[in-house]
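Several structures are given next for inspection.
The same chain A turns up in both complexes below, where it pairs with chain B and then with chain C.
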Partner chain A sequence: MEGFMGEAANTVSPGSGRRLKSGWFTYRQKKRITPWLFVAPCVVIILLVTIFPTIYSFGLSFTKWEISLPNRPFIGLGNYAALFKDVRFLHSILITAIVVVVGVGTEMFLGFGLAQILSVKMKGKRFFVAAFLLPVMAMPVVVGYTWRLLWDAMYGPINQIIGWIIGQPFQFTWLAKTSTAIFAILVTEIWQWTPFMFLVYLSGIVSLDPELFEAADIDGASGWEKLRYLTIPLLRPIIIVALLIRGLDALKFFDVIFALTGGAPGNSTETISFYIYKTGYQFFRLGYGAAASFILLIALVLILSYLLKLLKTVME
Partner chain B sequence: MWPNNKKYFYKEEAKMRASRVRKFMLLLFAVLFLIGMSVQFGMAGKSGKESAPAPEKEVVKETVVVSGPFSSASKAVEEAKKYKGTTLNVVWEAGLQSQDPLTMGPKWEELTGIKIKVVELSYNDIYSNQLQDHLTGGSSYDVITFSPLWLIDYVTAGVVAPLNPYIDQYMNKDDLKDYLNVYGAEGYGRIGETWYGLPDDGDVFVLYYRKDLFEDPANKSDFKAKYGYELAPPKTWDQFNDIGNFFTDKFSPKIYGGAIQRLEGQVYSWWDGAFSGNGGRFFDPDTMKPMINSPIGVKTLQQMVDQNKWMPPGVEKWGFVEILSAWMDGKLAMVITWPPIGRWSAGYGATVEQLSWVPKTKVAGKVGYVPPPGRPGLAGGFCLGISPDSKNKEAAYLFIQWMNSPEISLQRVMLPFALRDPFRISHFESPLYSSLWPDAPEYLNCLKEAAMKGQMELGIPGAREYAEAIDNACTSAFAGTDPKAALDNAAKRWEEITKRLGADKQKENYALWEKGPWNKEGPK
Partner chain C sequence: MRVRSRQALSQTARYIIACVALVFFLFPIVWIFLTAFKTGDEFLHSPPVWIPHSPTLRSFTHVIKTGGLRSLMNSLIISSSATALSLIIGSLAGYGMARYKVGGTNLPFFILSQRFMPPVAVIFPFLIVFKALKWVDTYQALIIIYLTFNLPYAVWMMRGFFQEIPVVIEESAMVDGCSPFGAFWRIALPLVKPGLVATGVFCFIFSWSEFFFAVCLTRSKAVTLSVHLANFFGKMMVMWGEVGALSVMAMLPLFFLSFVVQRYLVRGLTMGAVK
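Let's look at the complex of A and B:
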């Protein structure tokens, strides 16, 4: 490889356009092959670490692969059929849907609101923008463990602050009750990712043409009308892209659940990713876990296709 | 082209901005530096104040325990010398646990020239990574470590190599008889007469209680007046509940009646022992129908829910560290947990560097030890095995034989920071161990008694899934689900797991597990 490339470097001197030594290949052949050689390592690596495992796990999803069983028979669509009867899996879909719809939805509104507020000229704007971005920079698993401390019943600041407000000790175990555990997960998720939405919308808002807004002012448009008929329609592609990025990420929501609730109480806060992790890596039911992963993958592809189609329509 | 004056203006503006940025960066750096230094010195000052005693330099106590024709430890050293220059990858649980091989590894290297590389993994990752390594054809590990619960799964998957050829060749067979009955039994480290792992840890639950509170005359009379019987370490779960309620009513929030780990992923271990102690049986051995949702199962779970009411707020999310902190701080009258907490609360190892994170004990000399009510859980535990994929199987075996030998294992269970607990008869009878702190003989007796009447967790294929179903039932009940409904759900999952893995095969495995010495007293 080194010899070939070294030779290639010798054959053509830059800018001269001369055809020198031919070696094993003609200049034309080399010109055709060289770009492929440059991308070959990437292609090989992608094939090895992405394409091959995907195909392999797709094959696994049609087998009864259990660590406790010596044989791994082919069972066709058995795993897929069983998954749609598995109450736990269906519940994990519901929890994932709640995170995506409520979590990402709230992030969108809050992020948009914050971006609107900080899009005007104000003192200390840079400081606020930088401060709002801090949660995005934290690792989700660190966020999960930190919020676990914040929600602690005895020593957590959240209970302490509520206690100050109501004037008596407050020691509620947020993470041990189903409804409040989901609430705690959503608050944590929203806290971390609203700044991302805010940043995307802020960059969108500041890039809008000010002349349009000046014209609207001259026409006597109110603030609401400018928002309704100018800002939102103009930002629509950006809103869709932000939703796309966050939505796909939230569908794979794992780290915070792992650190904050471990899927408990019971399995009431398990998301699809967490369920797959438990099935595949805790119980080593690789066939079943692979089938669940492919259902998630199909869901991701469908949502992605829909949002991309929507984006295309908006752009047109 | 810009006019010259405009160019000049922009240049100056850019210069000014750059200067402002530089100033800001300098200021920021100075502030961060000051904060960093103050935190550093503040912490150093604090730790300087609190850690007055110098760390114990010599943590390994030399021991000589040899019975039978020869010492397995010496034999292992002699035979291993031929592998000088080899490196063994040894899997161990991360954290304090791994301080054990990190301490003993260099000694082994000094004796044999074999280097020990400790691969630290979390408890759950040990199970998965060793399996993955084997299934993907890797040979990353030479020595593997496993819980007895995983034994059958590991044997089925071929993750562990049989040790018998090496035992026959190198071990003093008397050492196999030195394991306490429950740890040397079939289903712990061996299946039939085939050894897959050398039992290496005596994990059992112990009830620790505050003798000063239990022996206080005022407490004694108040308790008798309220409940009509003498205040003494509880023998039944009802007594445990009464005593816990009593102390919480009287002393909370300063002191609570007690606490037990209720964190998801751990709580099933406490349910198992209590269920068995109440007379429960996991399956009907003829039909393999789960019996966890029987009235005994429901009663057990209801008892746990009731106990939470007098335990500290938020106990549903407490793990080992929370229990340890509250206990060492003198905030609990009773705890039921693993053995190390008993040693640390007596102040043993308080000055070693590895335990500097453990809160200083405020209860030294005030701690009593008894087996928990009913049947103590034999929860967790470790065996040492060798990987069939290892390129240095014999050297790996010789290392585990040395580590596990009576004399070296005694040194290890006496390491102040070790999480390995006595598991050999010679450990329980060791005068050296008994001299470690004033109450050590009482502690050893309690550990032995608890182990002998202990209930091992259900160790059949799919053990992790069965355990997780119980765990989910417990945390659901703590969240407000009716215990019966929670256990019905768990039983439904058990049925599904059993059916999936083959009811006949599971029936055989359950019969094998029930034959274990831990079932001599039960399950009823």
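Let's look at the complex of A and C:
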């Protein structure tokens, strides 16, 4: 505690340490308390809205909380044990992993490629950048419903365009088959977030020192060599930060599933978040859902700490 | 700047790729906008009609009459209250952390980490508490729960903005007898105004687009645009025109706001990591 205050004195020093008595506190006491007064409301609210619910949820995960039960018995690790035998839950982990790995991975490559392509001076660049931004700003639920319409067998333009290409009417219900439904989900995710990666990488590439590239040019480096030995190593921290933000977000993937497939066909496109939503809102099994959400939270913390460690080594 | 002949790609190839990407990224948005102005015969025509022959506002009037306006107002009230609350508390805390180093670096990072909390991890406790308080389907329920992601964001962003302005002016004001709060309110806050606006706009965008908490905690009175859209879809399976109209109403403010904060876009979207 003392250490922080010592630092505080270095940062802002309101007058000297005179012992002025005003109100209930001496000047010195006031000087110590003031910094905390700025932060206190925030800390209290964070405790109330995130820490307390997390602890509550953790407690909930050890109970059998179901709407039909009059009381909520403590069942220890029962929910967790059941979850690891729950095929539907395990499948939702797989779908989430596909979205995070394939979806975010593809976004990274496409976004980087696009940023590289648009990093030079060209006419109309501002227009392209502004237009690419729109998917990022679009509301995820709207995006889900829009793509649902685009994939629609009868009223969607995708089948129509394929029909033009193959020269005969084409009617395929993309969202009725698991494999194509997953493909549709990935396309939606990639559509919405590739521009985010693009934007972040573009601002990274633009901020690189042009002298380095001029020097490389003088040394006769090829475009590929400059990319491989200059751009990518220099951008590594930014690449990781973008992956971190997108990856953690994709881990909570919910809105698009809700709007695009609703978990269908069957339950085969449910993500973890969507399954937990269903355990709570369709089956009213809050203890079970809380246990599942804790598994998600632990996965998230592990991924976050791994990426932060990676970021630290890269920054050094 | 780079030697033209050594560029890996010709300028033409760049334009071709950029235009392909442009079509891919704009097509869905253009499609839903066009759908909003189509007549029933057109949006339920197979194969689909691309351009509405006689653009109509019928879908908009229908959506407005069936609760669309109300959900728009709800979204507006909830999002602006959540934003205001996060900005007030967040800029105070951000200032304390930037100027007085309260909590060192651990506290700010800890608060930032709360931004990544999966909503499903906190929803059940909130549901139980809000049920007990009879707060389900009220504004305050959503305004409070939106603090879970907006407040950590606002604190972190504002801390960054405060760190960028010089301390000297505040110090001399305090020497002249200005109170610490006065220094914050009258000197520091006006100096970070652009940052404050940007942070506020982002909090508003996040709240406006939010869906998970809204669908879990609203029933009929406090439904937001996102939930209303979902309800609309469930009830009237093929009313694509209405879905389009509501989507346009939901997205136009977002596009406008992103234009307002374009200077801070990357910074805002990456939580200050990339400036």
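Criterion: the second predicted complex is superposed on the first by the 295 of 316 C-alpha atoms of A that agree within 3 Å, B and C clash if a C-alpha of one lies under 4 Å from a C-alpha of the other, contacts with A are read in each partner's own complex, and residues count from 1 in each chain.
Heads up, the rule we're going with is that a contact is a pair of C-beta atoms (placed from the backbone, for glycine too) under 8 Å apart; a residue touches a chain by one contact, two chains touch by 3 or more.
Just so you know, these numbers come straight off a predicted model, no measurement behind them.
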Going by the contact rule set out at the top, does A:Val200 touch chain B (first), chain C (second), both, or neither?
second
Is A:Ala131 contacted by the first partner chain B, the second partner chain C, both or neither?
second
Would you check which partner chain A:Thr50 touches, where first means chain B only, second means chain C only, and both and neither mean what they say?
second
Just checking: does A:Leu69 make contact with chain B only, chain C only, both, or neither of them? Give me first, second, both or neither.
first
Per-residue contact with chain A, leading partner among chain C and chain B
C
Chain B versus chain C as contact partner of A:Lys177, first or second or both or neither:
first
Have a look at where A:Ile276 lands relative to chain B and chain C in the superposition and call it first, second, both or neither.
second
Quick check on the superposed pair: does A:Met154 touch chain B, chain C, both, or neither? Answer first, second, both or neither.
both
Look at A:Ala81 in the shared chain and tell me whether it touches chain B only, chain C only, both, or neither; answer first, second, both or neither.
neither
First (chain B), second (chain C), both or neither: which does A:Ala215 touch?
neither
Chain A contact set shared between chain B and chain C covers 154, 281
Chain B contact footprint on chain A (complex, rising order)
66-70, 148, 152-154, 171, 173, 175-178, 181, 261-268, 278, 281-284
If you look only at chain C, which of its residues touch chain A in the complex?
1-3, 6-9, 11, 14-15, 17-18, 21-22, 24-26, 28-29, 31-32, 35, 43-48, 50, 89-90, 92-93, 95-97, 99-104, 107, 111, 113-114, 116-128, 144-145, 147-148, 151-152, 155, 167, 170-171, 174-175, 180-181, 183-184, 205, 208-209, 211-212, 215-216, 225-226, 229-230, 233, 238, 240, 243, 247, 250-251, 254-255, 257-258, 262, 265-266, 269-271, 273-274
For the complex, which residues does chain A have touching chain C?
3-4, 7-8, 11-15, 34-39, 41-43, 45-46, 49-50, 52-54, 56-57, 60, 114, 117-118, 120-122, 128, 130-143, 145-147, 149-150, 154-157, 159-160, 163, 169, 191, 194-196, 199-200, 203-204, 210, 213-214, 217, 222-224, 227, 238, 241-242, 245, 248, 251-252, 254-255, 258-259, 272-273, 276-277, 280-281, 286, 289-290, 292-294, 296-297, 300, 304
Residue set of chain B touching chain A in the complex reads 124, 127-128, 131, 152-153, 156-157, 263-265, 312-314, 316-317, 461-462, 464-465, 468, 472-473, 475-476, 478-481, 486, 489, 500-502
